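For clarity, chains are labelled A, B, C, D, E and F in written order, and residue numbers in each chain start from 1.
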């Protein structure tokens, strides 16, 4: 069974809208090696797990839980990068384009027009080339060694692609999220590499993938200094055996140690996204708005908690 | 952020393996109107929600949380229906088929051979015709009325398909899970229909879809008698405004009332699936098994909690 | 603009249900070389036609019109082959499976369970392997010679596949429809081959494809004797230039002549398909049925015309 | 059986070519909620209809007929927006690019290069992100209430997306067609909402979706003033029972009444698209052209009828 | 540039037709981890290779060459398993089914009817569930370590699936081919594991995947005894640097040594597949046959070489 | 069995990078009528060939061999057009973007961002709209006449699309490759047209498709003057019967004769692609590079042969 807290795993940093950066980041969400894939792959591996090697199952399921938060984080980042992109400044109940003036004139030449036609300046379950996510991305072979090795390749490819996306834009909203994912993908590489280490492999000089001086990227360095790349969270309310595996010397052979925690040390408020009349989103007219408002008198009590 | 408890939302009932029933049930998992779709659709609608009509967001996200449990429940049910299907009784480290005898002879004529070749007698992210799940199934338009109406269609179609699957097999493992989902889909119909009712619609005699005397199905009747079809859970550790909507008279106009709870009244132990040597799952040989065993001395402490 | 008459282009012949024959016939409906493809390919070629060679456009559009009737004919044939397949004999408003007895027990092992879960024992836009139809099947290059040659290949492949399907079942419902399509595909081969002949090709001994003594198939012979394989209809209410091309000696070099008509010489009543309670189709309960009945007092006047 | 008149349901308005507007409009043609989907969904629902509630079948099939005209209208609009886009002005039989000068230099950076490589500056069965149309878009459940509700969602989503596309360009060719479709989608919303009203629902303040002052869009206002949003055509040459449903007060509760007609009040000439040598379309060289010309001496008689 | 010799890499062993075994084997041909994937993945990695680490490129390309032979071998094996499956014994120019007798009656209930409708009892580019092969299966990241690790996962998953298929049938035609591929996939695991070993990894007890006593499978044992699992061929007519990597102690740590050869030690005649009139394949009627025969007077000289 | 020589079939001509030209050329690689399709279609037709009409099989397989070279040529051309496109000039082991400066800033707005995120500025198995290649593109019907006619359509459509791509850019790298493919596609049209001619067709004035004065394109003229459009190579090390068909007067009726050769008259060195640190390709850090270098002391001996 699964539970939610309305908080983000990393903050959304403010910067200008950038729809093409949003589109690049779609690869990290709905791409073949993106977060929807990791989320669903670990979910299926966990649900289909055979045998009693429980620490391995708990490791896989713990990363599964984190991946939902990553999907949320990327989704919110894409939304922020898209929000207001075509620049409409109309009032709440005003009919956009009413005078024959095009309010989303740029939208038709953005990388993926679906961000404006299908979504309301919001994230989509597609990759950076606009292809929908597919169930065949999920690998759950049921062979423990192979599934762990497949997961290592998955995290490594995801990290490689995010390293490339990092360089495609200086937008701070993009970079804050991508840097966090580069670091967390490294932690997940460690998780699966360590699990394979318990089954005999010695990785020596090979990890992480890709291997480069990632601390030279300033947003990454901050997280490395905080040790975020060597922590793993199990997100289990009833205890976990993940720490049987995720502990001791890192398989990156860099003198660091792995640490299992029950949840991240910090969590962050989720900003409420503004209405976008030019998208008819949420699209309540005055009459419907009045009906909806009748329900929400107590809303500030629930959603105003912010960063702890 | 998201959390897990290693418990099921409904129990797995024992009966004989039935691979074709497992395949039919795949429609409820990876079909266009299956639980992966509902899970991902409500997830995207929640993450992309615009405006401050928080009770509607909380309603959608609460159902999202439940859908992950449904994916888990269907996955475990499929596994149970597939498990041991080809009837191999070999020992743990024995090479299957070693004497030239085919140990999975039936597998090649089962409805979807992928259950045996790609998965290890385990669930797959595909539908009952073997098509992989697609991201394009997810509808998240960003227009509140339309999204709610789309969700109502989604739950209704899911319920219709499960009513059809119910009649395709008398297997108790299948029927226990399908009956539970028929009832919960009805609850979700109520959730979205009620949300639309707050925005003005009067459903009169139309609901639920399909409309028939579902209490004549014995497994369903038991759940209706317990009121499971009029409850909704929010699964939020930090509170929810779902109950602003999900309360009062049911839109089915049948004299019942809707009740919001923080979590289901009961939860159920998840059985550990046995090893299947003929699938090389988990595929540890004596040497690897010894390494893995070294990690799991404490396992019984964590996983032996059962039904509360 | 487009118009409809509620009549079939060939009659549905009665025989026993045969779901696997229905599934084979899906290839002729939703397969890569099936009638949905021909319908959509000629539609796009017609709408995208460039230049003033109007007789070629009118030829393509005339065949487009016929293909919609073929889609209708195959769809109705599949429905007939599926109808009642699992053998449920319940009453109209009775809850199927109510006593725990499976009313569609066979359905889960039929070739495509979607016929029973997704459709209500009805045709689907998929092929015989369950793959959904795709827009990429449509070829509309805009080069006249190439489009005509592509159409010839399309009709020839469609005819080849139907010749194979003919041999896969002796069911009379299947064979009546398939034989008609074998003959009409030959007519369409002639249409596009003749159009290429006007642009210079001499086909000599090559046509039709596949080349065999099709008159030895009794259902085909009857249609050949009636000359159905050398007629083409334009279905235009405002006149057509199709007959500039489709006239004169057949490119099959068999001493026959091509004849253009405005519509087929005969048309056939469309049977009303019975309700199927086990599919909840149409699924009106007594209350809803009463509402619907209020609308249909005059129905017999409209639908009781039959074969002219 | 189906028939054609070579006339459009709405005129093509002249303006400059705009390939990115053409690409946005592809969503309305080949997108998941575009006209190909509506056409095929209503076609399958009509062909698979069960039971004797004929007015509902006739309503669905009447809208099916209209959707073919919409596919034609969008296709022709896309063609007009693409035509001549890269600006080649060569003569009919001249080899384009012959001196090494690129005649379609812009084409490689347009939104979908397939418009120039695969099509000859013509419409394609794809959406605005270039994904091919899929058969799985078609929903034909066979449950009448559910199919009608699904159709309402389909028309509402189509209308929402067209409202968004309207704002993405001021091009008059685009806006004339999109405005017409916004209005007709509203009529189709009324059709299915009214059908559900006959089965009990009271929509009160909810319709149409999206709900906004659409008369503030000038092209839309003109059509609303003419009442086009409250008419529905049955396109049946042998009579229809559609008017049993589509009559009386509109479910939008705006004091208007629904009117069933046998066909639209006006129809419009289809312009002949010019040859495009740079696309080799139609690609007849002088020798082939001479052969083709021999067939078309009488063409002006057939195609020169224009607006009635 | 690429060259062909009309010889097989392993012989086709005779046994009864078995269409469901043929279908299972399709996973090894057109599945996500089948030979079409390995062929295309190594092809793209080779063509896109960056930098001057030539031995790694030559290793990848050498395996690419072998994979084309594997595709050929599986294709021929599937053909053999399908050939004559429905049992028609008609004469060469006879019209099948001419008397109303269904000559391919079984075909419509075989696992994938496409084997009989789309192919002429021949292999298809699809997997065992009928899904077409997709380009997105190909992983060519351009990062050397990651590509090698991805290749190791690919070969391991392929080998796991073939081990499962081995157990699904005792058919000798199937098992001879599958056993050969199990052994060659192990050789390819060694190739990529050794390449990673040169970059630092120590695999210790982990390989091969899956790890079991494969010599207990009699067809496999024969090949292991001949050392086929420790050879790799480069198939280069102009020399290769593959042997810089593929030499020395096997990474399986089993006291064996790796050996690079320019081509396999043996090669095998390709049987000519018989005509199948019921499939209209090749479908030459007497007139066309006579024309074709005029070309082939010398054919026996070319094709009668057999096993060397 | 298959063999390789590390040489190209046509030289790569130097010019500036042009990512949008690279993207257009993807249609010729991974499009529905691109070289991956021709390669796989002829491969399957060859492997599935029935009967003893060996010259036809040898013709099909000879073209198959050439198509692998075309895939290689297009792949290398795309790589050249992409290489260095975003303009990063960093050193080999330097962390790109280290100071927060975006090194691939342009990449996110290029036609297909996958060229930079998924590939390392390298070719992909996709078309110009980013859709992955699909196995359903392959047509292998098993009917000889139909397969030959399908191949003629395939080559004609491929040639038409390349003629369009030619005009989309003046880039010399693009045009050299495209002109070569226009000419070779014409040769392949001749191959299949001639094969059909042996079975009776007289093509008269129809070929090639598209029909225009291609010698007015300077890069094409050079190849026509050299007779490259009338040669075909069989690439068989053990002899071929292709020349029974591919000889005598060309079916284009232009006074030329067809010539069968065992391989092309010339072949060309394959340039080594430089490392791209901003893509982490090949991504060896100093430590890994040292390990790799230990293997490659003899590399210049193997790869420095150039044009013969």
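The rule is simple: a residue touches a chain if its C-beta (ideal position, glycine included) is under 8 Å from a C-beta of that chain, and two chains touch if they have at least 3 such contacts.
Everything numeric here is computed off the predicted structure, so don't read it as measured data.
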item: Shared chain contacts [chain A and chain E, defined touch]; value: B, F
item: Distance-maximising chain from chain B - centres being C-alpha averages; value: F
item: Recurring contact interface, reference C-F, options A-B, A-E or C-E [over half identical by residue number]; value: A-E
item: Copies chain D and chain A - interface residue numbers shared by over half, same or different; value: different
item: Chain located farthest away, centre of chain E as origin (C-alpha); value: D
item: Whole-Å gap between the CA centroids of chain B and chain D; value: 39
item: Chain B-chain F separation of Cα centroids, rounded to whole Å; value: 48
item: Junction residues of chain C - those touching two or more other chains; value: 32, 118, 126, 130-132, 134, 136, 141, 143, 145-146, 160, 199-200, 205-206, 210-211, 279-280, 283, 287-288, 291
item: Inter-chain touch pairs (all); value: A-B, A-D, A-E, A-F, B-C, B-D, B-E, C-D, C-E, C-F, D-F, E-F
item: Parts of chain B lying in touch with chain E, wherever the complex brings them together; value: 88, 93, 95-105, 107-109, 112-114, 116-118, 126, 130-132, 278-280, 283, 285, 287-288, 291
item: Contacting residues of chain A [partner chain E, same complex]; value: 32, 131, 134, 136, 139, 141, 143, 145-146, 149-150, 152-153, 156-157, 160, 196, 199-206, 209-211
item: Contacting residues of chain E [partner chain B, same complex]; value: 20-21, 23-24, 27, 31-32, 111, 127-131, 160-161, 163-170, 205-206, 210-214, 216-218
item: Residues on chain D engaged by chain C in the complex (per definition of touch); value: 1-9, 30, 36, 40, 43-44, 47-56, 58, 61, 64-65, 68-69, 71-72, 75-76, 79, 118-126, 132-136, 138, 140-146, 198-200, 235-241, 244-245, 263-264, 267, 272-276, 279-284, 287-288, 291-292, 294-296, 298-299, 302-303, 305
